[in-house]
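Dropping a structure here in structure tokens format, bear with me for questions.
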Amino acid sequence: PATSTQTATPSTEASAPAASKVQDIKDGINLATDLSKLPEAAAKRTDTFIAGLTEPGGVFNPFFYHNGYDGNVSAAIFESLVDVDATGKPVPKLAEKWDVSPDQLTYTFHLRPNLKFSDGSPLTAEDVAFTLTVLHDKTYDGETDIFVASIKGGREYKEGKANTIEGIKVIDPQTIQITTEKVNAKSLVLLGGQVLSKAYYGKEYKPGDLEYLRTLHGKPLGAGPYKFEAYIPGQEVRYLANEHYYAGKPQVEHFIYKTTEGDALQFIQTGEMDYNSFTVNSDNIEQLQQLGYVNINLYTSSAYSYIKFNHSKPFFKDKRVRQAFIYGLDRQKILDLTYQGYAQVANVPISPVSWAYTEDVNPYAYNPEKAKQLLDEAGWKPGADGIREKDGQKLIVHYYTTKGKLGEVLIPIAKENYKELGIQFEAEMMDYNAVLARTEKGDHDLASFSTTMLIDPDDGVEAFSTKKGKSGFTGTNGYSNAKVDELLEAGLSTLDIEKRKAIYKDLYKELSDDPPYIFLGYRKILSAHNGKIKGLEPNPFTGISTSLPGIKIE
Amino acid sequence: MNALVEIQNLSTYFKSEQGVVKAVDALDLRVHEGETVCIVGESGCGKSAAAMSLMGLIPEAVGSIVSGEIWFAGRDLRKVSKEEMRKLRGNELAMIFQEPMSSLNPVLTIGEQIMEPIMEHQGVSKKAAQARAVELIELVGIPRAKEIAKSYPHELSGGMLQRIMIAIAISCNPRLLIADEPTTALDVTIQAQILDLLLKIKEESQTAILFITHDLGVVAEMADHVVVMYAGKVVEVSPVVELFEEPKHPYTQGLLRSKPVLNQRKAKLYSIPGQVPNPTTLGESCYFLDRCDQCLDICRVKQPPLRDGGDGRKVACWLYEEEITRGK
Amino acid sequence: MTSYFLKRVFYMALTLFGASILIFFLYALTPGDFVDTSPKLTAERKLELKAMYGLDKPVVERYFIWMKNALQGDFGYSLQYQQPVMSLLNDYIWNSFLLAITSTFFTWLIAISIGVLSAARQHSWFDALVTIGVFAAMSLPVFFVGLLFIKMFAVDAKLFPAGGMMTIGSKETGLAYAWDVVQHMFLPVTVLTLLSVGTLTRYFRTNMLEVIQQDFVRTARAKGLKEKVVLHKHALRNALLPAITLLGFELPALFGGAIITEKIFNWPGVGQLYMQAFSVRDYPLLMGFTMFLAILTVIGNLSADLLYRVADPRVRLK
Amino acid sequence: MENNLLEVHRLKKYYPITGGLLGRTIGHVKAVDDVSFSIQKGETFGLVGESGSGKSTTGRTILRLLEKTEGEVRFQGIDVHALNRQELRALRPRMQYIFQDPYSSLNPRVRIGEALGEALLDHGLLPQAEVRERVLEVMALCGLATYHVDRYPHEFSGGQRQRIGIARAIMMNPDFIVADEPVSALDVSIQAQIINLFAELQEQRKLTYLFISHDLSVVEHLCTRIGVMYLGSLLELAPRDELFLEPLHPYTKALLSSVPLPIPKKKRERIVLQGDMPSPANPPTGCKFHTRCPYVKDICRQEVPAFREVSTDRFVACHLV
Amino acid sequence: MASTVSEIAEVTRPEQVALRSSLWHEAFLRLKKKRLAMVGLVFLLVMAAVCFIGPFFSPYASGKINTAMINKPPSFSHWLGTDSLGRDILTRLMQAGRISLTVGIASMVLSVSIGALLGALAGFYRGWVDQVIMRVADVLMTIPGLPLLFIMGAVLSEWKIPTDYRIYIVMVMLSLIGWPGLARMVRSQMLTLRESEFMQAAEVLGLRDRRKLFFHLLPNLTPLLIVVATLNVGGAILSESVLSYFGLGVVPPTPTWGNMMDAANTLIDFQKRPWLWVPPGIAIFATVISINLLGDGLRDALDPKQKR
């Protein structure tokens, strides 16, 4: 499931922290305290669930959108074979079960009986095969990279050397077998993705031409809990409950994604909307609590934020310098001031919500003395003006970030912290895309980013591979560590979660010692919904889409 | 016969950087219904300012009426409400301004500008006003009236604009028509026509006319009474025939002497020597003192009052003080 | 004048051609591109996609391809929205237009009335208050005013909807729909008007102050016209002349979208679309929209010039 | 005529009449229609005629304040309308214009002193230190006082403004002045002063005037030769005395008979012109004056009378002479 | 009447430069009589003085972050309270004023002079000058601001121009491309003015174009220019904070009035923590109002028909 939740695109969130007097609020769902305050508009609504969503764009196809919010829209319409649970582990959906061959190369998915698309047409293995085939088409320009799974014959198909993909075999309408050429822990979720109807999307399909699909992006058809009703650009997406849904027709007949920008608390206040997510800070939490009639959901995101070193810069070749940069930065303070306690310092490239998370690494607690010592050891000695220098070069670093709360807090603190170490810290703010472009070129010394939702632990570390990580957003501008490379390979070459856990633990230790990034933090995600809505449990990996089929309005 | 307009002791001052300019200084003036009073006088002596005061159009930012009463048909115009004054203006009181080019709105057509007061005061329809406007343009002797009505001020010659101003002023048959040098840009044939027109109006509707002009020929032709002004003050008032026959005030005498007359060419024209005194620094003496060739001792220390000579003539000059007193 | 008009149209085409080059290169040179925005792609896949979108070609070549298509009326597909640029713009532009035209109307109406009044009573209390109000409004950021209005009028007083263009999920049509939209327009229009009325008021006030002293205003008064007519017809007509130029600028603004206000009120306008397109460097959409505005700008300026000639008889034709 | 300062040859100036929204030209006002005359150095040429007959337009076109439609204007042999901007600017100080409407010809934001002195400075005719002195001197000549120098145009009376216009023209010590109704707003005393000044200047500097006026007594006093205009054309051109003693053209006769005399109640026998005033956009065929001529003949309606020399230096355009 | 007309020597003397210096001096003298205008001027000067000198007397000038003092309301130690990072608002306000005032006033002067000049030239000369200037203006007006700002940001960043200087460079560049609006307005008024009778008079006198432009035409546009100028100052101060989004404005922790306002951008801040946004808001307001008072005074002072 390639769902991205609302934080996928860098939000220009920025809000001042409040003098914190928020009452206890715990992770998970904090139930509404006083439903009687519910605004009339919300109380009257019994068969419609309205959720806020920032800017869907109209490409409602899980494999073709370029805008994360379209992913959210599609997630309600399209159902996948395999989904992940709240810790990122795979769970069955349209596929009743799946078998993996002992060599971990062949996957056999067994579909549930009598599956139907929302128009009543049957959903069979042929549809799954069609979906995977489309992803291999040479004109496919979506963001799903099916080649990660290395399906046998995939390349040949793409290059036009074969008419079908050898590795995809429809055994019977309910069974499909997929043979891959390389073990990859991420293949299962990738192969078991959402299913497109061959009858609907494949009517005009000819290899090498997907143009015709464009006209269907606005009229999606899937097997998800809801079926598409209407899209009003810039305003809302309307759904109807799908009576053919495999788990039964959802109880709430209507579902609407309303386009909202920023913290659209006003709609919750007027009762026009049932669910929305918010920038996490004590002001917002306090306001939500005061409303009384909303359930407040707070959970840790599966993403992490970090400051990226430019490893091609000579001074970062020495890992002691990098360590000093971590020790010397008061990350706790930065997070506290930015998120007011709703974030935690990161030391490993995976969120605490994942099964792969560990705390067994160097915590790099703020320690300027240690940092100074490391710099001294590395040969950077304070110059006349207090700035450290080595071989006539001054330790001046340029840092790029986007405009936003984090930058506004981080820059002054980092400036102060690093000045104490004898490092001159020069910051610049620019738009997200420009930061990307500049770091890609390697103009930066430091630059901060946040990852997207990470499902597999490999997603959080693949950038550190010498092979893949040369450049780019996911890259490190030249980080290279043989042991890391080895562990990365190992982490993907088994599907056994326990084995992988151990491998990642080793990997995280190594990354801690030879840091590719300054890991900053994991922040919380805040959302709230009308207390009348039961069964809505937003999760760090899939947002609200997983719990959509089960919600009820009391 | 009661005067239609009676101005008493009117003073209008302008503020300038150099000091207060006493443009009109204790002016007295009367105009009867159906009578034409001509004001002549030195350029800059306050004729226009007096007319403007009468209309209540002295711009607040630069000047104001500091004293005096202006009686018009039994009302003191300085005391009537703004709204009442507005209803009088253009209707019962109309004025032809001296500089027609800048006095017309550059972005409105001639026709529109003539129609406005007609529609405002006579409550006629737009169509009727339009017809009346064309009629008026023709009346003041401008050809192709229909086209002219559609053209803009900058497309007309100076004389045409002046006649447009006249047309506007007479459009509502005012009781008092103030004409500030209305024929300066007109050739004599048209001037004669316009003067005839004014005389006709005057006769037909008993309009009183306050006529400001420098053209003594026009004065001779138009005036019943003549008022001679000098430096903000009235120096002589007289029925027109007597004035031309026997001007009393030395200034009036000078004026009449200066006029070039057709077929009586001289090598050099007479002109009153000297200059008008600085209106910001006027003293107690007679204002004409420096330019007068008959000046007396008393002229240096005291201003002559405007005395009624009994014969319908008034003059402000010490030369006649004796005579006047003797006459009594 | 006809030849003048033809000449102007020719220059207009030339201007647009120049503008298109400049604009295309500006976008092309802006750091970052569409493919790079997607965080999940591998370097290899990015190269593939860039080739697919033609982003790997030299800028000059890309420009000519774009130009060739544009001349045939084809502005291409939006990369992000996968829809023809024109139909996409069509989805949003009219919403922005609706908001803009309404608020522009009120802005001009109010600015003219206030401008005229405060000029007529220069140095009065009214004038002073208006002046202070104008500058106070100028010193307040849009989002403050917007949020405050939502809080006061929508959340607390429940007088108007908090945002959007229609009631969520509403299936009204016809008049009922129109009424719904009008209600939703109220707050954003008020905010937009409030924020732009100040500037315009100042313009009108100065122009009026200039005109009011002219002799022809005196003539108008001498005609006994009502003060209202004197001010609004004689003085204002002349004071409006310079504003015609401003009206020319207004045209592209009508379709350009008010980014911040639309965002605060969740108005489905083109401003947000443009920002979004810009943040992911959706070139076809950006080019299409910008050229559309460019055309409007040039048309706006041309019509202002023509209008000016009509409105001011003194300006000679050449 | 070798010492002609100015030669006007078949000068035409048409103003387009525009109509419709697109402002298409739908006709022309023939403000000046085929006018020829010449002015000798040191002469005062009077131009009289009906209001709207194109006197100001003639004056302006001569000085190239308006572009001509056709014809030729030669000033000291130089074709004025063929000069480029630079050459024209260099020629400007030598030919001046006194505007009919003094108020609108003054910049409301420039003080009189500056308005009078600026051209001297701009052409480098006088050093800055001497400019003010010269300004005051000329102002005095025109009957303006020293304290007027720092005032703005709106602070003057109509007559005072007119004198400013005169002062501005004289200031440059030009060779040639087009004076468009220069004394119409002046009281007779000042008028006499100005007329004397004009004469004096002419004597001293051989100054040449084109004097446009409605006041025939002033014209008679000042001008050596006089042209009579009607509807864009010259009808008669004659030396002063001949014109006043023995006008040839019926229009001239009517004009002279209309001059008001400064003697009250003594009306003179006026020739009143009858008939409709023709429009310069659509002038009558034949003799332009025929619609109003008391002596009109058939030929007048059909044929345009030639502007011919009837005796030395006397020209007239009339079939009857 | 004795009149002697002095003969002017026909030799050309060296040209005297006399462009309006006296006008401004005079305007200033008249301005001195306008009480409100002087209040505005004095206020501006005082504000500038406070902003430039004030921080030297502040104990919080280092801008150190103080986690113990976050979002505190005004008190004795912090007269205007503290911000979300515990910094003293008064000190930041003064430091911000240095940049905001400079940016506001400098960019106003620059953009108004460029716009007025080009517009005047176009309207005055008409013909090809007009065509060239106006077509360039058209092109500039069609250029979208965003990409331009981004490219500028990138270039400045690549040249490693220190961030705190960039804002000035950017303001200069924005003025260089932001002139078309004013230029068009000036031009259109110019078209009317140049046809006026007094310009014919100037033509008769054979005045130089320079004099016609600067002495006769532009002074008649002062009211427009003054309005544009006063509106520009406020606009520039506020738009500075928008620029930082494009990597062009100042970078935190450097304060400006614009970004101080921006930092308090939620309704909660608006309602509960007015000390965050009221001081910069008032600073901007006061600046704009003072400049306006000054402008109004200047307009009156330069307007011969206004005398009070």
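Residue numbering begins at 1 within each chain, and the chains themselves are lettered A, B, C, D and E in the order written.
One rule holds in what follows: a contact is a pair of C-beta atoms (placed from the backbone, for glycine too) under 8 Å apart; a residue touches a chain by one contact, two chains touch by 3 or more.
Model, not experiment: these values are computed from the prediction.
**Q** Taking all protein C-alpha atoms shown, work out their mean, then name the chain whose own C-alpha mean is nearest to it.
**A** C
**Q** Looking at CA centres, what chain is most distant from subunit D?
**A** Farthest by centroid: A.
**Q** Count the C-beta contact pairs for B-E and for C-E, then tell me which is higher.
**A** C-E is joined by more C-beta pairs in contact.
**Q** Taking each chain's centre as the mean position of its Cα atoms, how many Å separate subunit A from subunit E?
**A** Averaging C-alpha atoms per chain gives centres 46 Å apart.
**Q** Between subunit C and subunit E, what's the gap in Å when you average each chain's C-alpha atoms?
**A** 23
**Q** Counting only Cα atoms for the centres, state how far subunit B is from subunit C in Å.
**A** Measuring from centre to centre gives 54 Å for this pair.
**Q** Please list all residues of subunit D that touch 2 or more other chains.
**A** Counting only residues that touch two or more other chains, subunit D contributes 101, 103-104, 154-155, 193, 196.
**Q** Going by the touch rule set out above, which residues of subunit E reach two or more other chains?
**A** 1, 150, 154, 195-197, 262, 265-266, 303, 305-306, 308
**Q** Please list all residues of subunit A that touch 2 or more other chains.
**A** Counting only residues that touch two or more other chains, subunit A contributes 430-431, 434, 437-438.
**Q** Given the complex with subunit B, which residues does subunit E contribute to the contact?
**A** Those in contact with subunit B are residues 1, 195, 197, 305-308.
**Q** Mind pulling up the subunit C residues that touch subunit B in the complex?
**A** That would be residues 213-216, 218-227, 229, 233-234, 237-238, 241, 311-314 of subunit C.
**Q** Enumerate the contact residues on subunit A facing subunit E in the complex.
**A** Checking each residue of subunit A against subunit E gives 12, 14-19, 263, 283, 287, 333, 336-337, 398, 403, 407-409, 411-413, 415-416, 426-431, 434, 437-438, 443.
**Q** Please output the residues of subunit C touching subunit A within their complex, sorted ascending.
**A** Going through subunit C, the ones touching subunit A are 30-34, 36-43, 45-46, 49, 52-53, 77, 79-83, 88, 91-92, 95, 150-151, 154-155, 158, 161-169, 263-264, 266-269, 272-273, 276, 279-281.
**Q** Which residues of subunit B touch subunit D in their complex?
**A** Going through subunit B, the ones touching subunit D are 14, 16-18, 21, 40-49, 62, 98-102, 141-144, 147, 155-160, 162-163, 180-181, 184-192, 195, 214-221, 223, 240-241, 244, 254-256, 258-263, 265-266, 268-272, 275-276, 278, 280.
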